[in-house]
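Heads up: the structure comes next, in structure tokens.
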Amino acid sequence: MQKEDFSLSEEYEKCCVAAGPECGAVATFTGLVRQFEVSTSVSGLHLEHYPGMTEKSMENIVAKARNRWSLQHVRVVHRIGVLEAGSQIVLVIVASSHRPDAFAACEYIMDFLKTEAVFWKKEIRSDGEIWIKSTSHDYERRDGWAGEPSATVKRW
Amino acid sequence: MQKEDFSLSEEYEKCCVAAGPECGAVATFTGLVRQFEVSTSVSGLHLEHYPGMTEKSMENIVAKARNRWSLQHVRVVHRIGVLEAGSQIVLVIVASSHRPDAFAACEYIMDFLKTEAVFWKKEIRSDGEIWIKSTSHDYERRDGWAGEPSATVKRW
Amino acid sequence: MRVNVLFFASLKEDLGCAEIELQLSELASRADLFDCLTNELGSARVAPLFAENVSIAINQSIEKGEFTLQSGDEVAFLPPITGG
Amino acid sequence: MRVNVLFFASLKEDLGCAEIELQLSELASRADLFDCLTNELGSARVAPLFAENVSIAINQSIEKGEFTLQSGDEVAFLPPITGG
């Protein structure tokens, strides 16, 4: 959790060192503040958190991912405070021996960050400030991870 | 296609500029040469391609991904020649307004690169050199993308 | 006993304060907490805390049912989280 | 007419050459191509080209069925690709 910006490049270098010689796959995700939401112009985002509880909620998500897949390194960096349009908000980096684990864990962590990490976001729009709500689509994505992994790969 | 190494950081910077203000999500994947395969030590990988045909096969994969999802920027960098253990092999960067498209397209491109891009790989092992084969798992992953996207998100 | 109560995000704005220290009796219940808040802040101002989608965390753990408070507990009112 | 034939990866190693120029008659068929390669390289050496999982590309397009070659065509023998 930090107010400062992060560097994908630095975190990637650290990840490769930490993951070691059995690492074959690194998946990353970076979330950015979009300048437009539907037809409204957004000049920035205010991210509020609950010091202590937010960290615990994020550690819990990472622990669940590490428990589910074989991962060599996981790093989540999340910014808080006021972020201008175009700014980086969140970074997830996952290293694994194999591609499927790296992709799945990275997407899993993002889907749970979107629904279970303790953050509140307010959009700073041309027509005022508005606290945003989770979408039902976010919950559907999270719930898609429920149950045991099946033998068949299913896409959407 | 290049013999030289690539920089995730440079490609990410270019991607953010190219993707523009509607970009909210950047997914990346980097494939590395693993030092161990099962119990065998691997000192390097020799990647052979068919100049012209390999490029066409990769452009075709990217075009299919662009056709299927709403993407602002896609970049694939692939190295050829002899790569030492720990080296970067391939980089895929995808930018989109929304997270699901960025993740899906990045994974789709990797799954098709693994099965339809014209490359041959030889492992340089402690016990000799061996041309490696695609695994049935690679084909299952590719075939998981067949058909129309369904309304339900399914995981594995 | 004294208990610290925190308000986050839209609730902080609705109530116009981020934090309030309450004087409660030992083992105060959920109902005692709401009564005390209503006395301190007025019923109009605390109305948003009664919304169904507002969660209460005691010492940073969500408590969905009944609870009793102890001295030094940290109580927080959380609007629905919107994630990272 | 002259046609250039390329061999990749394990086939290049098995045959001990990356490229051979063949002299073929106009509109040479798949069978004519294999006959000519056998004459040039010997039946033992060309045996790997007959494997079921070997693909033939004409001017960088895979041809699974019959074909006829034209002057200047680029023919390539490809072992199963193993991807990026």
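Chains here go by letter, A, B, C and D, matching the order in which they are written, and residues are numbered from 1 within each.
In the analysis below, a contact is a pair of C-beta atoms (placed from the backbone, for glycine too) under 8 Å apart; a residue touches a chain by one contact, two chains touch by 3 or more.
Keep in mind it's a predicted model, so treat the numbers as computed, not measured.
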Outermost chain relative to chain B, judged by CA means, is C
Distance between the CA centroids of chain A and chain D (whole Å) is 50
Chain A and chain B have mean C-alpha positions lying a whole-number Å distance apart equal to 21
Whole-angstrom distance, CA centroid of chain A to CA centroid of chain C, is 29
Contacts with two or more other chains occur in chain B at residues 31, 110, 114
Among all residues of chain C, those touching at least two other chains are none
Chain-chain contacts, ordered by label, are A-B, A-C, B-D
Within their complex, chain B touches chain A through residues 7-9, 12, 16, 21-36, 85-86, 97, 99-100, 102-104, 106-107, 110, 114, 140-141, 143-145, 149-156
In the complex, the residues of chain C that touch chain A are 6, 8-10, 57, 60, 76, 78-84
Chain B residues touching chain D in their complex are 31, 48, 50, 52-53, 56, 58, 78, 89-90, 110, 113-122, 131-134, 138
